[in-house]
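Scrolling down, you'll hit the structures one after another.
Two complexes are shown next, each including chain A; its partner changes from chain B in the first to chain C in the second.
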Partner chain A sequence: MNRWADGKACQLHYPLYIGLTWDDYDISPVQDLASQVQSLLRAENDLSLYDFYIIADTTTAETSQRAKLSGPGAGGELGEYRGHALSVNVITDPSTKSTSASLRTWRPVLDVRHNPERSVDSATLAPFIASEIRKIYEHENDAISHLLRDTPFTTSGQVEALSPEVKSSLDARRTRAFKYAATYHLTFSLFTSSASPSAWEAEQALEDSIRPLLDRFSSISEFTVDTQVQLLASFSPSIAGPQYDESTREWKLQRTDLSGFVNAAEWPLNPGIGSGPTINFVLFVPSEDQSPLVLAETGGNSWLIPQWGGVQILNPSGKQSEKLSAADLRPVMLTFADQLSALLGLPDSPASPSLRISSLVRERATSLVLSASSTLGALARLSLKLTSIAIPDSVAKSVDETILRLDQACHDLRDGRYHRALENARTAEGEAEQAFFEPSMVGQVYFPEEHKVAVYVPLLGPMAVPLVMAALKEFRKLRATKAKVA
Partner chain B sequence: MKTLNSVWAFLALASIACAAHTSNWAVLVSTSRFWFNYRHLANTLSLYRTVKRLGIPDSQILLLLPDDMACNPRNAFSGTVYSNADRRMDLYGENVEVDYRGYEVTVENFIRLLTDRWEEGVPASKRLQTDEGSNILIYMTGHGGSEFLKFQDSEEISSWDLADAFSQMREKKRYNEMLFMIDTCQANTLYRQFYAPGVIATGSSEEDESSYSHHADNDVGVAVIDRWTYYVLEFLETQVTGPTSDKTLGDLFDSYDVGKIHSNPGVRWDLFPGGEQAGRSRRVVDFFGNVQNVEVQGNQTGVESLKEDLQGLKRLVQDYQAFAAAQESNKTEMSDVVQRRNLEAVSSGKIRQKQRHTVGKLQLSENAQWARQVAGATVLSGLAALWYFAPKLM
Partner chain C sequence: MRLSTLLTLPAALLPLIYAKEQHSYTEHLHLKPLPDNSLYAGFTFTSTTPYTAYASNHFRYFPRSLAQILQYTHTAELHLRFALGRWDEESWGSRPRRGSREGGNGVELWAWMDADAEEGWSDLVNSLSGLFCASLNFVDSGKTTRPVLSFEPEGTLEELQETRNGTGELRLLHGMLPHEVVCTENLTPFLKLLPCKGKAGISSLLDGHKLFDANWQTMAVDVRPICSTGGDCILEIQQTVDMVLDIERSMRPRESPIPRPLPIKDITCDETKGYNGHDTCYPEGPGGEMGWSLSSVFGRPIRGSCALGGGEEEEGFDITLKVPSERTVEVISETAIPQSTSSGSRAYRLPKDANFDLDLPHQALESSSSGAFALEQPPLYASRQLTGHGAERGGMHTLLRNPHPYAQRIVYLESLPWFLRPYMHTLELSGAGGKMEKMFYTPLLDRQRGTHLELLIEIQPRSTVEITYDFEKAILRYTEYPPDANRGFDIPAAVIRVLPNNATQDQGQGRDYYLRTTSLLLPLPTPDFSMPYNVIILTSTVIALGFGSIFNLLVRSFVLVEEVPVGALAGVVWRLKDGVARVRGMLKGGGVGKEDDGGGVVKKGEVVVGGEVRKVNGGGGGGGKKDT
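Our next item is the complex of A and B:
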């Protein structure tokens, strides 16, 4: 257990398999290019957590067949996702002025446009690709090394200092996002200050906007969704409330009011739904006489509360109906989706969401391994320090299971199987928590010696004194008879 | 997305204080039963009202009251609890959420609450679900002595138990900083044995000193508040007026007046990182109020890109996920993924997934019951026969 707590049991290293394709070329120049890029990436030491493997692919019948499997419209696209973290697709385009790269939005493919006619380009192609790949993984490397910074898992090669802006944005992300959990409960609430609107087409709107996001995250966690409507919701008395601004004819909400805006005493936002954390999304519709309601400093209408959820204000438009339609709710749900990605800890770069998800998978797997290891260490220290606690068998079994899963997670991380590593790390964390928070391990009340004397002497004393006196008498009688006989 | 998050990062940077805690919790414990200990419950309830006024929601307050003064048959003003003879503010009538009441307030439950060692099925409202960024306020009141505190007139908790519980919390990183306040006789002895770092402790009286009540209400018939708590509340009500107040713990502890309190309150700083200097500069609302660093969203560019993103995603997401799963593991697992997708598609009519576990009902099979009845009747008739025939045999 201490090996894990001290970080000696696993060297955290992430292999990244990157496929490289180059249309119209045979395999050997592509392989040359691949090995050049790989050696360039390995030579630079700044992304020290990663091992890059650049694998050359060419168009063959089998690759285009696999490409068909991955989705419609994939016929002509090469180097598609096939277990690679990223695919680099070099396209010969005589019309480009200089080599350029663009990352596709929803597939992990980097398109590099390259003009081979210009001789200067062919020499710089490999360094260009290497620098693009480095740019993509830079932020994740920073995030993971920041995560490992003060833990025993850092190795000596990773102690590069991060710049303060990067550090503060990483810290902000960490305080904003929820801790990892296998299940999250999302609640969407509509609070209206007056009696209308009294209903909303939440199901349809959620299906349109939030469900795709949840599907994308489903490989990492599960989600349950609940909605509610509350009418005549009033503000908490501790905040100042909206102020009318004559110049813009709007009601303004000050920044200091934002933290107390969610009236925790009156509004029914009970977080106790299930075993995972609850993420609350609140849509507030002010009454006619207090609208339009905006935020004083930005004029916007939404904000995010770290580790709690998000709040948005929807100002009632002229045609006020009783039910908010799905069309009305579409921009609202998009903002909520944006807030949800931030609350789940999705990093902000690289530009492609699919790369961000895989980066999140790696980060979460790492943080779970770290937390399970530190729990093991805490349990070891605890069992040594508090000797009066009895440790049952189930704890031993859980610890065994944790160590087994941590080993498997470490192997999976080394092999590049990140989803499986996340599962194993999640199980390890669950077992470690179960071992530490074993309900029968409550320390017994401390009994100092004086207490023991004070309790037992009055109990046993009156019983013991006649026995002792009788024993002494018998002993004296025995000695007297022996003396008489002798 | 990048500019949006840099805006957020800037605002977060501007608003995070040096304490860097992310949530606030309060554990308010009264440990006395019986009508004449009315003042201990009034103490606890007044702290509860203060903490709520300064913004901590009920879900983050754990209130432990061992007795019910409001509905006690001796209460002339039933349904109310007052902490002042002028009876201006009822502490109990509205909007009170008591998490542990009556006989649930025991030493074992309290230690379990602190160390979070519960059986399955204990609801979240009874648990202290803190993490490494939480600041905790713990307030205890009742009858105590040298290094112990009496619970419910039948058991006691010692300062060693508390010290060990806090060290377990520290091991598991369950708090960022803790403020421990205690109002009993010889209160300062109770925090003497603490050794976990990050705790500031304050008590109402030294060893061999008693803590006194402040005044009694002639119509209620008992003392309604204790002195130390009364003066602490006076400071909190007059000086700490809102969740953004700047008053520090140094100000609070400097307001202690031995002449008014009639005992020597104490403060323990040595466990706090930075010692007395750092501790004195902590704000009162860092423990009594609720931190909520909100992040205001400025521009809408992030949302636009998300819209296009979501539209494209709806077409591609399912094949993408299934392919990823197939690539990383065997084919057998992919069929599981596909099956799960199908199940989700079927149940997506209702978005909500039910995750309730039904409580297992005790199943008594008919046969076992019948057999037991027969066996019981046999034994009874055997004994009756013995009783009847034994004198005849003798």
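Our next item is the complex of A and C:
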């Protein structure tokens, strides 16, 4: 237990296997380039959390060639299939002026366009690729360093100091995001302050805008989606409410009101049943006489409530319709999708979403390992401090399971199997929490020794009186005999 | 037209209407003055959702919070009741909705659930307990029964199972919580389930102050699936609130609710009575129908309509008022109200965004017309009592009376808690016209399961049947008693289902009639709850005394009085006493001084010796050197 709590059981390191292909070269120059890039990456000290392995891969080149021919769908599993975190695809292109790099959107592939006829480019190709790779992992490195900061898992020299701006942006991202869970319940609610619109084509709109995003995340968590319509929703009495601004002819909602905007007492936003947190998305349609309703400072219409969900105001268009169509909802859902990515803790860079998701997997696995270890530490301290506490078998079993799972997660991390590491870390975290919050142990804490004293005092008190008196007497006698002898 | 048929008719038509418009919501208020200045108000709120939308979690009028619970616990059909008070059949006649929307005093719940019912049931009661702020989580296995004959599903469960490809058989579970006091905290979540949440439509009349001040009230939530033959299923939730208000009491002002006598000049005396003097007066009743209005009885007018369904359903009327045709009714609203008047009932449709109120002034009606509104006789009268005395045994006695000229078959359901142990050999059906056809009985298991007793009885025309049995009262464990143990333990109401027969079917009343007896209060032998502390103190004292004496016997040595040396402290005490005696002698006077001196010395000696002896026995403080 303590080995984990002290961070001695696992040295967190992230091997990254990067495939390198060069479309029209043989194996040997590709291998040369790969070793050059690898040594360049390892020489620099700034990405010390990662071990880069650059693998020259001619078979991948063929696959990617074929993929290029057969269209974008065929090579979709390229990175994952090879077990590579990233594939660097060097394309010889005589028409380009200088070497350039671009990330593909839905695949972890970095395309590097390179002109072999310009000798300058050939010389700088390896440093260029190295710097591009560094750029991709820089942000993630910062985020993980920030996670590891002030935990026992930090080893000296491994984590460099972060600039305050980076730190604050990472902090903001972390406070905004939900704690990691295996299942999230998404609730999309339409609140109208009058009786209309009373319907929305949410099913269609969700299918169009939210579902693709959820499919991307499906490797990390599962999602359940439900929608509801609530009419005649009123503002909470605790907020001042919107103020009419004569100059812009708009109703302005003050910044101070945003935190109390969601009327928790009256709006039925109860969390979903079953395990996992509920993420709420509220679309609020103000009544005719209070529209347009905007935020006072920014003039915008949506905001995010950290670790709770997102709120958006949709001002009714000129014609008051009973039903919001999927086309009306499209911009709304896109905003919700953005808010959802932020709430799930998706990093802002690199540009490719698939790389962002895989970096999120590493971050989440790390934070779960850290949290499970610290829970273990807390449990160990608790059991040492409260010696009278009875520890049931189930707790011992959970702790064993936690340690086993943590070991596995650590191995998986070191071997680069990040999804399995995440799975193991999640189980470890769950078991650790279960052990710590074992209800029978909580009950034990609230029966301290003092209560037993209250029961035994009526018995022990009267019995102690003759004992004490006799002891006093004996003591005096002893003193008297001593005095006599002297 | 009868109250019950009027209510059953729309209920029977509902599935036909909603087959087309699947997301729908309707509401209806039925008002009917009853004798003795009472007013019956029946609120009905019905929402539906297509089953496909329910299964994919897209909700419009159907409440999401309840739907989640139903999905999670695999509940196909749900009935939940909150009830308070007693329907007075003698003066109010037959029950509204044929008793199908009321429950026993407290909370009652029954549901049809998928195969793994035990776990689902526990989840269901716990979730509903949270949703409705009721103690439903106390409906454990000891309070749950599985009735066989008493309830039948209202929805089309078999078709639903086919559509869902469900293989398991649905099971019925039933639980009652008679001790629960229904109050405002249950009404608020009830209203939250409605699309208009009590802000518009007839639900704006529902106010906890008035509702729970009623003579009788019951709130019900009923969820049932309705499948058409084509395999399209919809899920319907019907929420109902029925109450009987005492008009006079609900109209009293809120700031001074205590009724005060009128000044004598405003009272008309009943001249038909014989008077002995001129200073007495028998006040005459107001006579005729009492005047009332919606806003005075419910505290506020209706705030606009809650019509959500779109154009098609606006044909229906929101309010039905059942009064004789010559009764004056004034409609108070800013806009014109569509209304229809038929013999004996008037219907109104609520305005869109305007208040609505009905005012019925005080009016004396001719007796002939009120005769047309004679109360319908209920199919059966039932009452149940506890008999016997003492803390050990008791008896149950139920009286069923069939007032009709035809025989009736009934199902009588009792679910008794485990601490009431019936002696089944004493179960007896007495009276002229009773015949027991079937009996279902599940014996109790201590602390695990209560008794379930179901009887199918035929009662002959115009006859009375008595059901009696004896029982034994169990003695509970110390921790099983509630804080108010001496109040007694609530025994849930018996549920009686009157099966339809040929005679009633001819009158167009094809459905079952339900009635419930009042719940009972059973006194159990209760212990003195300070007992454990008394026991601790008493035994501790005894042990300490015994220990002290034995300890002293072992430790002390016993010596003669003469051998006791005068210790330092004893000397001080001696000198003090000497001084006191001398002062006393001086106060008494010099005459006896000499004798006193001598006597004083002798006394001192005795006192000291006595003190020493006592100290030796008692083991208390004092001279330390006396036992050398």
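The rule is short, and it goes like this: the second predicted complex is superposed on the first by the 417 of 486 C-alpha atoms of A that agree within 3 Å, B and C clash if a C-alpha of one lies under 4 Å from a C-alpha of the other, contacts with A are read in each partner's own complex, and residues count from 1 in each chain.
Here is the rule we use: a residue touches a chain if its C-beta (ideal position, glycine included) is under 8 Å from a C-beta of that chain, and two chains touch if they have at least 3 such contacts.
Fair warning: this is a prediction, and the values are worked out from it, not measured in the lab.
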Touched partner set for A:A480, first chain B, second chain C, both or neither: second
Which of chain B and chain C A:L467 touches, first, second, both or neither: second
Per-residue contact with chain A, leading partner among chain C and chain B: B
Which superposed partner A:S325 touches (first chain B, second chain C, both, neither): neither
Touching partner for A:T224 - first (chain B), second (chain C), both, neither: both
Partner chain(s) touched by A:S39 [first = chain B, second = chain C, both, neither]: neither
Touching partner for A:S317 - first (chain B), second (chain C), both, neither: neither
First, second, both or neither for A:Q11, with chain B first and chain C second: neither
First (chain B), second (chain C), both or neither touched by A:T375: first
Which of chain B and chain C A:H419 touches, first, second, both or neither: first
Doubly contacted residues of chain A, that is, touched by chain B and again by chain C: 203, 224-226, 270, 272, 274
In the complex, chain A residues that touch chain C: 187, 195, 198-199, 202-203, 224-232, 234, 266, 268, 270, 272-274, 322, 455, 458-459, 461-463, 465-467, 469-470, 473, 476-477, 480
Residues of chain A that touch chain B when the two form their complex: 69-72, 81-83, 105-107, 165, 168-169, 172-173, 175-176, 179, 183, 203, 206-207, 209, 211-213, 215-216, 218-219, 222, 224-226, 238, 255-256, 258-260, 264-265, 270-272, 274, 295, 297-298, 300, 302-308, 331, 334-335, 337-339, 341-342, 348-349, 351, 353-354, 374-375, 378, 381-382, 385-386, 417-420, 436-443, 445-446
Chain A-facing residues of chain B, complex: 1-2, 4-6, 8-9, 12-13, 16, 20, 22-23, 52-55, 57-59, 95, 107-108, 111-112, 115-119, 123-125, 131, 133, 155-158, 160-161, 164-165, 167-168, 171-173, 242-244, 290-298, 302-303, 306-310, 312-321, 323-325, 327-329, 348, 351-353, 355
Contact footprint of chain A on chain C as seen in their complex: 23, 53, 56-61, 63-65, 68-69, 72, 127, 131, 192, 195-197, 199-200, 306, 308, 310, 536-537, 539-541, 543-545, 547-548, 551-552, 555, 619-621, 624-625, 628
